[in-house]
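Dropping the structures in below, format is structure tokens.
Paired with chain B in one complex and with chain C in the other, chain A is shared by the two complexes that follow.
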Partner chain A sequence: MTDMSAQTEPLGGLLTRDRIVKWAPILVLVALVLLFPFFEFLEDLLEGKDHFYLLDSRFFSIRNAARIGIAAAPALMVAVGVTFIIIMGSIDLSMEGTISVCAVLFAFAFLGWGGTLASWAWLAIPTALLVGALLGFVNGLIHVRLKIPSFMASLAMGFVGTGFALVLTGGDRLRVEDELFRSLLTERWLNFPIMCHVALAFLLLAWFIQSHTALGRNFYAVGGGEQLAQSSGLNVARVRVMGFTLAGIFFAVGALLAVGRIGIAETATGNNFMFVSITAVVVGGTALWGGIGGVWNTLVGVLIVNVINNGMVVIGLPSYVQDGVLGTLVILAVALSTNRKSVTFVK
Partner chain B sequence: MNLERIKPHFPWMTLLALVCVVGAANPAFFDPLGLLSLVTDVVPLFIMALGMTFAIYIGGIDLSAQQVANMVTVVATVYLSQFGIGVAGICILAGFVFGAVSGYVTTRLYVPSFVSTLAMGFVALSAAKYLSGQRALSMDVTERNTSFGWMFDSTVGVPHQLAIAAALLAFAWFLQTRTSFGRALKAVGSGELAAVASGLNVDRVKILAFAISGAFAGIAGLLFSVKLSGGDANLANGFLLLAIVAVLVGGTPLTGGVGGVVNTAIGTLIVMVIRAAMVYLEISATQQQMVFGVVLIVAIALTIDRSKLSGVVK
Partner chain C sequence: MSFIKNFIEQETVSRRNFLLASAYGISGAAAMRMFGPSPVQAATFADPTIAWSYRNRTNPYWNEIVSGGEAFVESLGKPKEFLTHLINEGSSEKSLADVKALLAKTNGELALAIDTNDAPNARPVVEACVEAGAYVSTLWNKTDDLHPWDFGDNYVSHMSWSDEGPAERTARILLDAIGGKGGVVHLGGIASNNPAIERLDGLKNALKDYPDVELLDAQPADWDTQKAAQIMASFITRYGDEITGVHCANDTIGYGVLEALRAEGMDIPIVTYDGNPQAVDLVAEGKILATVFTNPHWGGGITASLAYHAAVGHFKPSDEPHEHREFYGPTIFITPDDAREFKANYLDNVPTYDWQDFWGPSNGQIMYK
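Right, the complex of A and B next:
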């Protein structure tokens, strides 16, 4: 690996490092969307079948786009939540535990209070969001008050959460079969299930928080330079705790969509969300160092991850390749988005 | 008496106190044979924690240890019939290479170790799933017994597994205290900028530290695999948390520089006693993860050196 900035500077104003870093994720996404149909095209060509590029593609179709949307919606919510934290230069690895606890408690409340959205059981939804907020709040407090680096505080909280969910369920699965709630998946508007629209609505809410509220600007202030933010009078500890609380709420939304998607709440509901969401955020171009990026980057990142996962299945690659590809992708994304001149050393 | 002076003595005092409490509640705990089997059971965890110590000692972390061990259980099972006891070398080498790549990514590509090792863990998971064909594999019993049966024997009452653990501890202790590499580890862990300024090749030291962590995870995986006579991409799951807890309650802080491999031996024994206590108190396996998560938070909070975080805790 050579120094990126050294390579690009001679090209002058058009291709600056900043611009490449800014536009690379969306270019990668477009390239992937065009690449997978190309593999299908090649395959059919070799077998001598007629295949019109893009139009005859199984990958490049509304039906498959909806499939990607369904897979991406819960992950998008989780990734949006952790985006706020990463903008602050911290990280939250507690999502698997938080999601499991929210999902399980939601299912208990929902089933206990009537089992259908048309009864008082709808209160289970705000309850789940509250639980997410509470877990995030505790997570933030442990990180800020005990002065433990966030990756370790949240990792430990994640273990506690998964353990707690296991205690609650005793290893059982809870089935949420209410048709009204499952319409998140079964009912479609404009070819996409309702859960995709819900995710989109929450994405817009996140964008609003990020760009049009003092809290959102404070996230960037903390990520851009914590000591500066502190000395200009910002209560950094409070912003951090609020950030983790907000992330907890988005994790809870992710949990609800995940339950809506499969109709089951269990300890394993949270599995895999940690790595996928962190991958999505950094691949989307939000720097781990904080201060750069945002929720739209995360949308692009989540789509990249899900397009890769879906595309590899469509072109017939075995599923075990996915973990390795995502692992490599994370390393590449972080390595490429890091400006070596501003980093002294890395732990 | 100030807190900083007695802090280094916390781990063994904790261990002693726990042993007394558990022993008082349940005198059967002191039964020599039972105690010996408890200690023997914890050997694979100890070896993984021993490797993890190197990564944490330099101020990093190795979140790939569990996945590397998982992958090695598959490697050991698949290649046992072909290489016999030589498969041990392949396992250690595989762990070493994965650790070295994590170290390279951390130092040369500027990816923080918790991300680089997490990512490499997923690469290892892919490899494990590929090699195992996503099935749980089992070893041929006679081949396992001819190559590794000796591990489960004992000489004059000492199980050979314990001897392996002791030998590895001695090796790690020698590396840490009697070699220039060990001094370099200490320098990097105590203050990386100062180590760079004094002309030390910090990158090489760090890459080697992660590689050692990987190699020990590989040995732990091999032991798991031989013990359970099989390999599977999920076999060692649940051990990452315990390994980190063992290192931290032993007194090697997340910020590195102090503590070391002997501390980890004490830390592993603390984990073992807590586990034994939970079995006695009939706390089910499902609740143990919660308990250890809380223990982890407490241990970090007590040991971390906040002066090294330069006022900003990210």
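Right, the complex of A and C next:
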């Protein structure tokens, strides 16, 4: 989390607004993790079965945590990427196209250069990251040089990406069946598949960039007050382009994990990532107007979204209720993190 | 939580009935001013524009459909670019607007093959074509009260598939494989899609004969591999070893289910639908028990061919019997025994079809419930 002590009253009581805003996401996550087992408990109770709360829960188990981890890992990478952009007060909606292009180009390169990690085909991985960086870079340039609002520039780039991926594949899907690459899913360390550990490693890297590099601090500077940052001599345009490039790299990591998860690269690989990642970032407490939040918020947000997705099915609710619940949560999260007294108008 | 689920299901069903009833009321009124069949042959064209209007090419199914349309155009000795693509991206409004624009551009000299994206959109599309003197053949979507024979020659044909029967047969293969006892889960398509509803109904029909098998759960996976993997993982959490078989609404869902099972080191029988090449490979390897091939390549080609040959006057649609104007597309079952042979015959070398054998592979006149 970011250091918010400057904005917090030191002795303002236990339940200050800032404290609530800061801790609300994690409280929601804990509440959800305790809530779903409670429904299981209720269900077994009504059926007259023995059920010890939490201990007998199928939801509250390591195996299920691993399943949530598998579902969350690619989305986490994408959400972390877009977190940097949102901290700057911009938004990046190009993830679906970028993911599809990275996934498809990765698969072409991987299959073309040997088809197994034990050959030169491993070079397909850095290639995919490079492609992600390039797409992000172009995205940033369009936004900064042509002065197109980031949501429009990135949305358009996303469509370009999806179209490009379609041209590349002609609508076909590419299978990546290499056992070594698929060990991302099949091999487990400490009960969690390797892809979860990879995601964790990149999360730590993102945290390092955010809090221990000039670039990371500049993101906050731009998001906190762009004009101030500009007049203090910061090259805002450069920071923005670098931010989009960095996001592109994280989208590419997400694409690799998504391919590792199902063994298929196709134009549809990027589907649904926009909704999930933006929702996760916002629910995690990163403010849409920038300057507030960070990658740990995003981790909590991604977990909230995936715990809901998993838990709803586990307690037997139809999945379309999930969308309603997630939508409500987004409104709640934004309402909580908005200081309405300081906002005079909303556009 | 099952009581909440039951309540929601009941509400959904009654709302759907209400919507259907009101839709019928509106279209029934529209039917009052229907075009009568014309005794004279409508005007034909020497070289009409040929167009396919569909969702998009991202989806492998639609990709196959359109490749059939291109194969047909090539069989006429034209380059495949001769086929005009109208892509509606899932919007009925865009579908209709595109058709009207093309009608204006071609002055009605058009042979159109179209899936109108949703059923209510079929009527305005057909009426626009008839009014302009163009020839149209529809695939998949139309309302039950809209019939080609009510529009003389210009509404040439409609082809669809009833998925209930084939889905029931794959379900029986699955239920037999698990020894007629245990629990199955179903992962469906987008909940409101007709094929998704029919494929689940097929499973439910089959289950009536297997009293010892319980349908543990059915959730929509939106035809999406990644979503299917996540839902299957959640099913495993909820039901664990109670799941002895999985019924999937299509192949892409099946891939996700297989990966979710693989992550857990589980191996239970699954059946899918659509007969995509990858699924056929998996059937041959014994990882999928059965899938159903609906030959979208043929469907896409023959729909364009019907509109074209009617437009150039090679046959007069209104002389044809009803079963030649509204008919079911082909269904071919693929099981491990015949998967390799099927693949060699249909997928490795796409057969050269006789695009004037309009009804040979079809499956009888469409019946309404």
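Everything that follows uses one rule, which is that the second predicted complex is superposed on the first by the 335 of 347 C-alpha atoms of A that agree within 3 Å, B and C clash if a C-alpha of one lies under 4 Å from a C-alpha of the other, contacts with A are read in each partner's own complex, and residues count from 1 in each chain.
The criterion applied here is as follows: a residue touches a chain if its C-beta (ideal position, glycine included) is under 8 Å from a C-beta of that chain, and two chains touch if they have at least 3 such contacts.
Keep in mind it's a predicted model, so treat the numbers as computed, not measured.
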item	value
Touched partner set for A:Thr162, first chain B, second chain C, both or neither	both
First, second, both or neither for A:Val321, with chain B first and chain C second	both
Per-residue contact with chain A, leading partner among chain C and chain B	B
Touched partner set for A:Leu146, first chain B, second chain C, both or neither	first
Partner chain in contact with A:Leu45 - chain B first, chain C second, else both or neither	neither
Partner chain(s) touched by A:Ser90 [first = chain B, second = chain C, both, neither]	first
Chain B versus chain C as contact partner of A:Arg261, first or second or both or neither	second
Partner chain(s) touched by A:Arg175 [first = chain B, second = chain C, both, neither]	second
On chain A, the residue positions that both chain B and chain C contact, one per complex	162, 166, 170-171, 318, 320-321
Complex interface listing, chain C residues touching chain A	1-2, 4-5, 8-9, 57-60, 62-63, 191, 217, 219-220, 224-227, 229-231, 233-238, 240, 255-256, 259, 262-264, 278
Residue numbers on chain A that touch chain C, as the complex places them	39, 42-43, 58-59, 61, 63-64, 67, 70-71, 162, 166, 170-173, 175, 185-186, 193, 258, 261-264, 266-269, 271-272, 309-310, 312-321
For the chain A and chain B complex, residues of the former touching the latter	1, 89-91, 93, 142-144, 146-153, 156-164, 166-167, 170-171, 226-227, 275, 278, 282, 288, 290, 318, 320-328, 330-331, 334-335, 338, 340, 343-347
Touching residues on chain B, where the partner in the complex is chain A	59-61, 105-116, 118-123, 125-127, 129-130, 134, 192-193, 196, 202, 241, 254, 286-294, 296-297, 300-301, 304, 306, 309, 311-314
